[in-house]
Each structure stands twice: as structure tokens, then as C-alpha cells.
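For clarity, chains are labelled A, B, C, D and E in written order, and residue numbers in each chain start from 1.
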Amino acid sequence: MSDFPWLTLLILVPLVGALVTALLPAGNGALAKKVGLGMAAATLLPAVVVAANYSLGGGTQFTETHDWISLFGAHYALGVDGLSLVMVLLTVVLVPLVMLASWDESDEGNPKSFFAWVLGLEAMSLAVFTATDVFLFYVVFEATLIPAYFLISGFGREGRSRAAAKFLLYQLGGGLVMLFSVIGLYVVSADAGSPSYLISDLAALDIDETTQRWLFVGFFIAFAAKAPMFPLHTWLADTTEKATPGTSVLLVCVLDKIGTYGMLRFCLGLLPEASQWATPVVVILALVSIVYGAFVAIGQDDVLRLIGLTSLSHFGLIVLGIFVLSGDGGSGAVFYMVNHGISTAALFLIAGYMIRRTGTASIARMGGLEKTAPVLAGVFLVAGMAAAGLPGLSPFVSEVLVLIAAFGYAWWAGAIAVTSIVLAAIYILWTYQRTMTGPVKQELAGVVDLDRREVATVAPLLVALVVLGFFPMPVLDVINPAVDDILSHVGVVEDPPAVDTQAATDEGADQ
Amino acid sequence: MNEFVNPTVEYFELSPLLVVFAAACLGVVVEAFVPRARRHLVQVVLTLLSLAVALALVVVVALEFSGGDSDAVHGDGAAYGVVAAVGSVVVDGPTLFIWGLVLVLALLGAALFAERRLEAGVSAFSGQASAAPGSEAERVSGVERWEHTEVFPLLLFAVLGMLLFPAANDLLVLFVALEILSLPLYLLAGLARRRRLLSQEAALKYFLLGAFASAFLLYGAALLYGYAGSMEFGEIAEAVRNRTDGEGLLLVAVGMLAVGLFFKVGAAPFHAWSPDVYQGSPTPLTAFMAAATKVAAFGAILRLFYVALGDDRTSWLPVMWVVAILSMVIGTVLAVGQSDVKRLLAYSSVAHAGFILTGVLGVQSQSELAIGELSSVEAVLFYLTTYGLMTLGAFAVVSLVRDAGGETTQLSRWAGLGKESPLVAGAFAFFLLAMAGIPLTSGFVGKWAVFSVALAAGAWPVVLLAVLMSVVAAWIYLKVIVLMYFRQPDGDAPVVAAPSAFTATAIAVTLVATLVLGVLPDPLLDLVASAGEFIR
Amino acid sequence: MYTAADGALSAFGQDPLWIVIVKAVLIFLVLVLLTLFNIWFERRVVGRMQHRIGPNVNGPFGLLQSLSDGAKLMFKEDIIPKAADTVVFLLAPLIIVVPAFVTFAVIPFGPEVNLFGTQTPLQLTDMPVAVLFVMAIASIGIYGIVLAGWSSGSTYSLLGGLRSSAQMISYEISMGLALVAVFMYAGSMSTAEIVEAQDDLWFGLILAPSFVIYVISMVGETNRAPFDLPEAEGELVGGFHTEYSGMKFAMFFLAEYINMAMVSALATTLFLGGWKAPWGVEHLWEGANEGYWPVLWFFGKLLLFIFMFIWLRGTLPRLRYDQFMAFGWKVLIPGALGWVVLVALVRVMSLENTFDRGTLVLVAAGAVIVAAIVLFWPSRSGGAEEPTARPVVVTGDPAFPVPLMTAGAVRGAAAPLTFGAPGGTPTTVRGESGPGDDVRTSTSQEEN
Amino acid sequence: MSVTPFIVLSAILFTIGAVGVLTRRNAIVVFMCVELMLNACNLALVSFAKLHGNLDGQVAAFFVMVVAAAEVVVGLAIIMTIFRTRRSASVDDASLLKY
Amino acid sequence: MELYTPVLALVVLAAGFAIASIGMAAIIGPKRANKVKLDAYECGIQPTPQPLGGGRIPVKYYTVAMTFIIFDVEIMFLVPWAIYFDELAWFGVIAVLLFLFNITLAYAYEWRRGGLDWD
């Protein structure tokens, strides 16, 4: 069983799906949509197989390693550990839902190319999450931009192509800066013997401090632009505003995770000393992101823009969790990545439904929707509360873990991070109030409630939020070994005393 | 007076050169004695055939070399080959690789030259170059459907120069090869069938600046000869190693040589000619010239600077740094405002020259390289391959987009091309992505290669800048893609003419190569690695 | 590498300065006198050929006629046309006359003699590249002609100058090729050594074709009848010196005659054994090649050539320009090339003893046939290439020697053509004055 | 005899040529300046050959002359076409590239 | 170098003579210039109007110039070969034959394509 290249299959299915969809005869949108959804569903199969055969705490599994470009030391190497697995599962679940949610909406553009690009994006994202070779990672990391770009610029609202260009420039800029570091890794590994890009080989290297720091900066900038983090976040709001909600889901809930995923995998995994060195700065940036994102979100009038900016705040928390360098923080951050994916996806999709119904994205022009569309209002409230970290919903668990770790790192860090809960409550509840409550506006009197398809797309997400809110352990069990493994590189042992971490970071900061 | 010794010539190793030369001469005879009606056919067959034979001979020679030694010797970058024709020409691994590359590009270029369907049955070259534009003579030549079939022998002569240029092991041969390469190109640049004034201007500009640059090269060569007392690279290297005085002379000499060579590759600040020439020249020529000239010239740069001046690295590396940075910045920044596709590509080629130079300045001595690590020669050769193929392909696509006045190179007229002809627009977009260095295209692997050698040699500022410029460049290419796909055409849309098999083949080959080299570059990299080092 | 110490050249470069000056003055005087004599000689001979008497008033036999002509020119008005480029106009006669004198520096007039008590060769100087030196210096004279024509500011002058330069450079090639065979046999370009090499056999005999080609070319080189097209008074008035008067005109005249003497002297040196007595004379008279006697032989041979020049002038009509150029380019040059190849082959074979004499003759015969084919075959079919290739010029422009006309000239860019569908009439397109211009096209025609 | 004066002369000639190329506007003059530069190179080559006592430089000078000649031919052809276009629309009679 | 000093003497002499005689003529000669006299003479008729900037030179002359340069260079290569003919022997002959062959190709081309035709 394990000899079979499941991961390759996992990537190949959506990739082939994308090609097939793209090559379908033009003009037959319905067929394209069915084929696309079918392929997305088919992708679930290898993902489920992988998940089912995954042994907890067994390190990297389902590995496939082939020489690719020997002179560069690059390999076609795939594998999953806990971190990768949850990301893969998140991706394969979200994509069919997005497709389903965009079923009618995509008719406005060219449904064939929309579905093809979505599948392409899925394939590339899966490759990113399963790559265990830095070169391969980089290649697919950049390759995700192409489908993403076309999804943004091809579908959505007026001004999207500008937003798409902004998105691409940020990502490309970050990516190329990362290229600098990727090449640097090559040079380092070549100097140490023979060049190899396998993460396992690179992790074994002893890279000197200055070099590490340079490489770290390159990687971090790229991931920060991807995640996004203050001050590289400005593309986020524009993009989510202009793109379709479906696209936003893929971008924010899947693609942006690559950023935080990469920070864990590469910054912490390969460049531990530099990560410690950079921790103070990163933590401060993360805190700024948290507060700034929340405040800006409060002031937004555009629903999609608002949701996009809340993500900035959430990503701040995730990064904070990663860089406080503790077991709790790491696990919390990874779990947060999953939860954020689910809750934000739900928010985006519901917001999309709202916009389709009201014909506007402006909060000021909505109101009283809970009377005409109670189900819509209900699911929006649940998803919103999840995003705000209401106890009993899964983001709460992760948020608490992160906050604990933050307090463990420094009291002020924890204190600032905690404000996020208050601010989140403000922006979510205020938005709910403005859109759902109050008198029904004249022009919105005819709004109908969610139909079954729409409910079906949101329901799994809400169920997951609730279930994981009460039983987070299955996911945490998957995550913890991987996080511990990564943190052990940084010198953090499972559940270390907070003082030690403090000392270690101070040491790093002094250097 | 020394006793005269008959020089020996290694005919076998030089056979690709000789075949091309013979075919070029034969082409002249064909021009003189074959009736006009049959000339085109004969010339096309002769040109393609001779280039293919030469290519086959390159392979044969390469096999012969590897047959003598074990493969292991070639794998680790050791030099092999012969110093031919009494020390004036070197046939070694890199030479053979560049020969092969130039010949492939020449084959594709010749295919573009042979294209006749786009202009309704005549070639893209002027019917009668001597007829003044707008004159009665020109009208007659148009009505009679005359063609200049001389372009084929001229092409072959240029190819001959390009083969000789990177193989030159002697300053004199270097100079002569440069001229053999350049002179036919000057003429060809002025032979466009449409927009003849532009074309003639391009030829004049190219010629005057080209001659100016070669004068610099020559004076540099003279000074270097004055410094070393010999024209041969080996002896120059010897002198550079051993002489302690005359630093100033050497510095000036190297500087002037560099000016000449940088001009040929179109590196800033010696790039002024390239946008005008690229734009004015007939597009098939632009395609061939942009690709092959750069390959040959960089081959020569590599050999001159690595072999002859390798021990004087400290004095020329800073210059390379500056020129590489300038080329990247100027090429990219000036490309931003361009409204003409050919000019845009021209500026991008300036930037590419900078990228390749980034590879060149990543030179390290053999001892500094880890086993299996990419060397600068390998990186540059690989980049040249990818660059040559994608540039040729891009220009070939340009030649397809037309309206009543011939080719439509105005960018604004390309709006909506993606709907008009998704295939052609797609191909062009792909080439642009490759130029931007997006992964899974050959451009990415090439960029990776040159950046990594530069970084390994400690040129991180250049690499950093190169990376930043790549972002800007990507934005520029993106604008074109957006234009083609997301913009409505204003006015009547350009028509994509159906090309004949010639152009179609050229585009298909370059497209496939760009993709394959992006996804599976290993075979080519192995080939580059087996080319090994220069013979010193 | 040659140095002054080698071989026959050792005799040169040793003279004290005063001897050099004396020799230079002597050469100068000889040339001036020779010119005066030649002009008289020409007029007398041509007169005789035309059943006239010629000049016979001034001096004995009219010998001082030329001198009086020169003196008269000295008192003529010196006119500089207002259209002329004054500096160049004044410089041109200088440029033409100085090289004419200078070329004689390397012509050997005789062997080593006792000159005022100093043993010195009768030759101003010699050098390893003497013949090349002559050719090079003589070429400078062409500048004089072109510049004279150009600076006059007159159409006829310019055309004369151009014609002259075209003609001179055309014939210079065949002249140069003719000399190659000589160098091959002499193994040197030093005039003294070439003369030495002809000790037993004149090159004019063994290299007869070279000699013939050289003689024809030298007539062309000097713009003399029947090749005197630059001064074809029927077409061009006076050619390049139309606008010159007075002493400046005299300079042109002087230069022409010195050049005549120069090419004759060179022919003598290269082909007719130079100052050496004709074959056989030496056997009859031991001292024929000693002392000052060789000067006699030299000038005798030289005058022979001069006479030939005059004879040609008196006999032959002037060629048409196209005939003249075609003769140079299509007969003389291929002929000279073929001959050089033949000589080279024969000589190398005899050097290496590759073949016996019989084979040699056969091969030579074969080569001659090949050369003949090369020479004559293309000219038969070379005219109209194909019946379809109509001449393009239909506007009735004047044939080759066109005066400069600007009437009807259009300033600025002309309109290029677009090509219609096959059979359609081409339409003109405006625009295209520079890069970046929008392409404005006619809407009527479209090939796509 | 020292070759320095010759080198200096060649440098001066080269500079004059280069400055001419950069400052003059007439194509023919620019072209002549380029030729001047080439000849300056020749002078330098020959001088250095004398200095080093070998023939490489002299041989090179020969080749440079050839190249210069070829350059003249090509350059004249190009300049001529331009001039004919720009100065007049009248048809000149045949030229080399007629057919 | 002494080989060339006498040449200089002759140059000085010739130039001196030419300048002196021209200068003398300018001094001695009468000066009665008038407008007509200073016009281009041609042959006494009204002078042809001069084109701006010196006018154009018929293309044919350029082609002659171009062809000349090629052949002149050819001779430049033949001369050293001729002088060292005996030493170079067969090698030289073959090399020169190849060289001439190539020149002949260009020559044949030019001839066939009308480059050597003067109407």
C-alpha cells in the first residue's frame, strides 16, 4: 500500500482535472462544472487514503523521492507529516465546497476556466503542502500564483485586474526574495559537500549564524507577504474585495496558509538560530497585525473587505503562536490555521450569498436580513462567532493555546494579543447588527433565504467548527508530533518551562 | 626569420564550421547562376541542409571526444578538446555546446527566413533593397514579386561568424569572427519588406554603432597584445600571471575589449542600438539575431575573460558587476513605458544580458567548487539555451500578428488577442512567463542557475538586485498578458495570420523546449555539465 | 624581416645628407626637364602622325615651346570660382603634384657610381616595399583629382573627378595583379633587387601577359588616350580641372606628364630590366652596365614607353565609358588573376620538380584553356539574366554620366509601398517617419 | 627606436575618431571616424609588433585592413540606401543589389 | 628609417616648387575678376544649378569603390605571398588558390547580377 505513490496521485488528480476541464468543448458550462466538481471530489479519495493510513507520530510518511535536477540537488520528493496532513485535508475539503458554492455565480464569467483554474490551484497547493524538497516547494509555491492570478483577474468585481496585479506583484516579489534564500540554501549545502535540497538533508546542516539570518530574512519576507502580515498585507483587502468569495476562500483559507506553513517548516525547521534571533521583531509585527487588522476591519463598509482584514488579525495570532516558540503556541497556531480556514471560508461563502441576494457588498446598504432570510442570518452568526473565538467553537481552542503561549513568552505580548478577542467581538457583532438586525430595508424586502445547495456548502463547515470545538484532540494528535519535531530544532522541548524559552530568546536577541 | 612551418588544420574538428562556410559560398554561386524562380527553393534547401549537417557533425565530434575518454572525466567538469588551426581556434566542450546551440537557433531562424505565407507568397525581406521606398522601382519589384534570396547566404555567413566567435582562442580570430558575424547582420537589418525607412535606419544605426564598438574591441586587443606580446589567449594568460608591471595598460585593454563585447550582447550602457535595431529589422532576423548573437557573444566573453584574463579577475569583476546591474536596471526600467512589442522584447533582452552577466561574474576557480556544484560556465550556457529558444519563439509569434500594414507591433493593437487567437496569445504569454522566470518554465531554471553561481561567488548584492528587477520585469510581462486576455480591442482587431509549416515548427519547437527545460532540465544540465571547462 | 643591412638594400641609407640633397635636386630637375621635353615630344610626334609639323618656333626644333607655355601660364590670372571650396581648391594641385615627384625616389636610374667623389647608387633611396611605396604614393594623387573635381563647385569638374577616380582605382587592381607575378619571380619588392633579378632575362619576356596587362593598365592609370575619359572634352569640357587656370592648371599638367614618366619608369624597372643594357649588348661591350652609361639605357627604354603613349594618342579614338570599365573589370582583372594562378602553379611545380617538363606543358595548356573559359564564358551569357527581369528604370533618367540634378527632388521621407493581393495594384502608405509612429494604413487593401 | 610615440599617436588618432563618432551627425563622417579608429588600431598593432619583435601584430594589421574594407563595403551600401531614400525620390539607375 | 629620409627631401622640394610657383603666379598674375568670371566655367554656357549641399554622386561610383576595396585588399594578400613564394611552395599556392576561389565567387556573383554593367 505504502509503495503506491498516493501523494503523486493526490496532486495528479486535480491537475488532470484542470486540463480535462480546460479542454472541454467551449460553451458547455454545465458539463465543465460537473466534471470539475467530480474531479475535486475524486481528489478526496487519495486524501482519505492517506489520512486513513497515516500513523500518528510516525514522522514523515508516504515519502517519494526521485532525483529531479541533479546538478541543482533538487528532487521530486513528497511526504506528509502531521502539519502537511491537516493542510492537505483542509484543502481537499474546501475546494469542492467552493465549487459548489460558486455553482451559479460562476456562470457570469466563464465557468469552464473558473473550474479549471480552481483545480489547478488545488493541485499546486497540495504539491506545496506535501513537498519535502525546498526546490520543489519553491517551484510549486510560485506556480500557485498563476491559477490564483487568473482566478482573481478573471472573475469578480470591477477593478479586479488591478487587484490581481497587486496580488501578483506582492506574491512574486516575496517569492523572488525567497528565491534569493533558496539559492542561498543551495550554496550552503554545496559548500558543505554536495548540493541537496531535501529538507531532511538541509536540516542536518550546520549553517553559520550570519548566513542563517540572511536566509531567514528572505524566507520570512516571502511568507509574510503570503500570510499576510503587517506591513505586507495591503494586497489582502483589495484582493478579497474584488475577487469572488469563492476565490477569496481559496486564497485566504488555503493559499495564505502556505505562508504560515512555510514559517514553521523552513524558518523554524531549517534556520532555528535565526528564528530565535528574529523572534522579538516577528512577535511585534504579529501583534501589530493582530491589533491593526482588527481595528481596520471595524471601520470597513465592504463585507468582503472586512472579512479579508479580519484574517490579517487572525494570521497575526497564528504567527504569534509560531514564533513564541513553545509547544502550546505551535500546536495552537497549526490548529488555528485549520480553524481559521474553516471559519473564514464559511464567512466568505455566506457573505457571498448575502451579496448575491442584496446586490451590494456595502454593509450600510444592508439591514434587517434576519427577518427575510433567517437561515442566512443564523449561519452568519455562527460562523462569525467562530471567527470571534466563542467558546465551544473550534477557533476558541486554538486561540486559547496561542494566548497561553503568548503570555508565557511575555506578559505584554499576551496582553496585546488578548485584545484581539474583544476587537473580534466588536467587528463581528457590529457587522451582524448592521446587516441582519433592524428594520427591513425597502429594496431588500424580496430577499430569499438560502437554498439547499447553499446550506449544503456551509453546513459541513459549521459542523466541523462545532465538532472540533468540543473534540479537538484528533486534530491535535496529528499536529503535536510534527510541531514538537519542528520545535526540537529550535531547541524547545515539549512543554518547556517558560523561563527557559525566555532565556533562549533573549540570548538570540542579544547576538 | 624563422623557418616556415606548414600550419596544420584539424579538419575533422572544424568540420561544422567548414560545412557552413562551404554552404554559404555555394549560396553565393546559387545566387549568381540559378534562375530567379528556383532560387528560393534551392536556397532554403541548401541552408537548412547545411545547418543540419553541421549540427550532426557537432554531435559526431562531441561523440568522438567522449569516445576517447571515460565519461567520468567529463562529468567532473574537466576540460577536453583540441586547440585547432595552430592555436587560433579551440574546439572544447563549451565550444561544441555553443556550436550546437547556435546551429539549432540558426535552423529555427532559417525556418523563419523561409516563411512565405505570411506575406502572401513572398518572404519578409525586401524585394529590391536598392529601390528607394516609394519609387517606381519598388513598385515594380512588388508587382514582379521579387525577393532577396541573398538573405540565406548572408544568414549562413553570420552563422559562420557565430560559430567562430566563441571558439576563438586568439584576439585576432576573435575580432575577425566578430566582424563575420556582424556584417551580414547589418545588411539583413536593412532588408525589411515593410516599413523600409525604419528598417534602413535600423541598419544604419546598427552598423555605425557596431563598427564603433568593434573599433573599441580592436584597440583593446591591440593594447592587450602590447601588454602580453602575443595574441593567443594561453600566452596572454601566462603574461597576466607572471607580469607585475603594466597594470594600467592591461586595465585599459580589458576595458576596451569589454566595451566591444558588451556592445554585442547589448548590455547597458552599450545597449542603445538594440531597441531600434530589434524594432526596425525584419522580424525573422530580429528573432535569429536576438537569440544567436547573444549566445555567440557570451561564448566569446566567457572564453576571453575566463581563459585569457582569468587570473586578472579582481580587475574585471567589478566592471562586470556594474554592467550587470546597469543592464538589469536599465533594461527593466525602460521596458516599462514601451508601447511596441519588439521594443519591449528588446529591452527585456538587455535585462537578460544583465542576468547572464550575473552568471558570468559568478566565476569561481575549480578548487572553490564543490563536487557536483554548478559552475558559472554551466549556468551561463544553460541560461543562454533557455534565453535563445524563448526569445526566438517570442519573436516568431510577433511575426504572426498582422494587419493591413504588415506586422502589428503596437502593443495597444494586441488588446484582445487572447480572444482572437487563444493559441497564439497563449504561446506568447508562455514565452513571457518564461522570460519573467516563473517556475515550470525554462526561464526559471536558467535564472536559478545564474543566480546560484553568482551567490556562491559572493555576489549577493547583484543577485538581490537581479531578484528585485525580476519582479519589475514580471509586472511588465504581466501587463502584456493582461492586455491580451482582459482588454477589449479598440477598433479593428489584429489578425493572426496562419503561418506555414516553417514558422509553425519554429514556434512549436521553442515552446516545447521552453516547457520541457522548465520541467525536466536535467538532461540539458547534464549535457552542459559534460561540456566541462574551457581548455586553457 | 628585412633591415637596411640586407642584400641589395645595403647600399642605401648610407649617403651623407648633402649627397641625398644633390640626388633629390637632380631627380627634381630631371623630372621637370623630362616633362618639358615630353610635352614637346608629344606635340611633335602627334604632329608628324597627323602630317603637321608641330611646334618649331621657340628654340631649336621648338624645344623651348613647353617652357614658354609654362612661363605664359605664370602670367595668367589666378581665378578661384566663387562656388569653390577655397582651401581644398588650392590644396588639390599640391596633392596631385607632390606624389608624382615623390614616386621617383625609388626608381633606379643606374648602378653605383662616383658622384662628386662619393660612391653611391643612382637612385635616391630604396626600401623593401619600394614598389608598394610607388603604388601607395601614386594613389594619393587620386585624392588630388577627386578633391579638385569636388572643390571646384562645378558639375563637370565633379563628374570628371569621379570618373577619373573610378577609372584609376579600377585599373590599379589589374596593375597590382600584374605586379604580383613579378614579385613572385623577383622575391622582393625592392626596385634595385628587381632590376638585379632581371640580370639574364627580362620579366617582360617571361611574364609577357603581365607586361601587357601592366602596360594597358598604366595607360588607364594616367588617364591618357584612349582612356582619357576624365578629360573627355566632348562630354566634360576639361574634366576635373575645368575650373583651374594659370599655374594651378600647369600643376595638373605637370603631374600628368610626370605620372606618365613614372609608370613608364616603373614598367622599365619591372619588366624591361631597368637600367641594364638590353640583352646582348653586354657581350659586345663590357662597360655597358658600368658608370653613367646605364642612364642612357634607362631613359631610352623610358622614352620608348613615352613614345607608345603618344602613338596611342595619335592613333586610337577614345573609348566609351562603359566599354572602358567593362574592359577593365571583365577582361583585365580576370585575365590578370588567371595569369597569376597559372604562373604560381607552373612555378611551384618547377620548384618542387613535381612533374617533368612534358606534363608541365600539358598542365599549362589545360590551365590556359580553363582561364580562357573563365574569361569568355560568362561574358557571353552574362548580359540579360532572364527575359523576365525587366529593367527597373523607366523614368527616362539619363544614362550613366548624369549631371547633378535636384529638380523634382522630394525632401524628407518618401512613402513606402504596401502590397495588395496578387494582381492588385499596390497602394502607397503614408507615415513611418520613425520608430514609435503609429502605423497608418490604407484600408482598401489587405492581404489577410 | 622607442615605440612610445607611435602608441601615443595611435591613441590620439583613436580618440579623435571616437570623439568624431560621438559628435558628428553626418553618417559618412561618422563612418570615416570609425575607419580612423580602425587605422589607429593598426598603428598600435604594428608598433607593438615592433616592440615585441614578433609578427603577430603586423599580421593582425593585415586582417584589420581586410575587415575595414569589408566594413566599408557594407557601410557604404547601407548609407547609400538611406541617402537615396532621404534625399530624393528619383530613381537612380541600377546598383549592386538590383535583382 | 634612413631609407625614408631622402623621400622627405624630395617631398620638401616638390612641395616647395609647387607652392612657390602657384604663389608666384598669384602675385604676378593680373587680377581683373568679375562676376561672370567667378562663375563656374563649364563650357561657357549658363552653369548648371548647383544642388544644395553638393548634390549626390551617382550610385555607380559607390559600387566601383566597394568592388575596388575588395580587390585591393586581395592584392594586399597576394603580394606577401608572392614575395615568399619559394618558401611557402605548395602550401602557399593552395592557400592562395582557396583564397582566390572565394574572391572569385563574389566576383562571379557581382558580374552575374549586373554589378559590373555600365550602361
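Here is the rule we go by: contacts are C-beta pairs under 8 Å (C-beta built on N, C-alpha and C of every residue); 3 or more make two chains touch, one makes a residue touch a chain.
Every value quoted in this text rests on a predicted model; they were computed, and no experiment measured them.
*Asks:* Could you pull out the chain whose C-alpha mean position is farthest off from that of subunit D?
*Replies:* A
*Asks:* Taking the mean of all protein CA atoms as the centre, name the chain whose own CA mean is closest to it.
*Replies:* Given all protein C-alpha atoms shown, the central chain works out to be B.
*Asks:* Select, from B-E and D-E, the pair of chains that is joined by more C-beta pairs in contact.
*Replies:* Most C-beta pairs in contact, of the two: D-E.
*Asks:* Provide the C-alpha centroid distance between subunit B and subunit D, rounded to the nearest whole angstrom.
*Replies:* Centres of subunit B and subunit D (C-alpha means) sit 25 Å apart.
*Asks:* Would you mind pulling out the distance in Å between where the CA atoms of subunit A average out and where those of subunit D do?
*Replies:* Chain centres of subunit A and subunit D, defined by C-alpha means, are spaced 66 Å apart.
*Asks:* Determine the centre-to-centre distance between subunit C and subunit E, using the mean Cα coordinates as centres, and give it in whole Å.
*Replies:* Going by mean C-alpha positions, subunit C sits 9 Å from subunit E.
*Asks:* What is the distance in Å between the mean C-alpha positions of subunit A and subunit E?
*Replies:* 81
*Asks:* Among all residues of subunit C, which ones touch two or more of the remaining chains?
*Replies:* 1, 385, 389, 392-393, 395, 399-400, 405-406, 409, 413-414 - these are the residues of subunit C that touch more than one other chain.
*Asks:* Provide the list of subunit B residues touching at least two other chains, using ranges where the numbers run on.
*Replies:* 36, 128, 130-137, 196-197, 201 - these are the residues of subunit B that touch more than one other chain.
*Asks:* Send over the residues of subunit E in touch with two or more other chains.
*Replies:* Those would be 56, 58-60, 65, 72, 84, 108, 111-114, 117, 119.
*Asks:* Over in the complex, which subunit B residues touch subunit E? Could you list them?
*Replies:* Going by the criterion above, the answer is residues 4, 6-7, 25, 28-29, 31-33, 130.
*Asks:* Flag every residue of subunit E that touches subunit B in the complex, lowest number first.
*Replies:* It comes out as residues 59, 84, 87-88, 91, 102, 105-106, 108-109, 111-113.
*Asks:* Contact residues on subunit A for subunit B in the complex?
*Replies:* Against subunit B, the touching part of subunit A is residues 67-73, 138-143, 145-146, 149, 153-154, 161, 165, 168-169, 172-173, 176-177, 179-180, 182-184, 186-187, 190-195, 214.
*Asks:* What residues of subunit C sit close enough to touch subunit E in their complex?
*Replies:* 4, 9, 12-15, 20-21, 23-25, 27-28, 73-83, 90, 93-94, 97-98, 100-102, 104-105, 124-127, 132, 150, 152-158, 162, 165-166, 169-170, 172-173, 176-177, 179-181, 183-184, 187-189, 237, 242-243, 246-248, 250-251, 321-322, 325-326, 329-330, 333-334, 337, 340-341, 344-345, 347-348, 351-352, 378, 382, 385, 399-406, 409
*Asks:* Of all residues in subunit B, which touch subunit A in the complex?
*Replies:* By the definition above, subunit B touches subunit A via 369-374, 378, 433, 437-440, 444-445, 447-449, 451-452, 455-456, 460, 463-464, 467-468, 470-471, 474-475, 478-479, 482, 486, 520-522, 525-526, 528-529.
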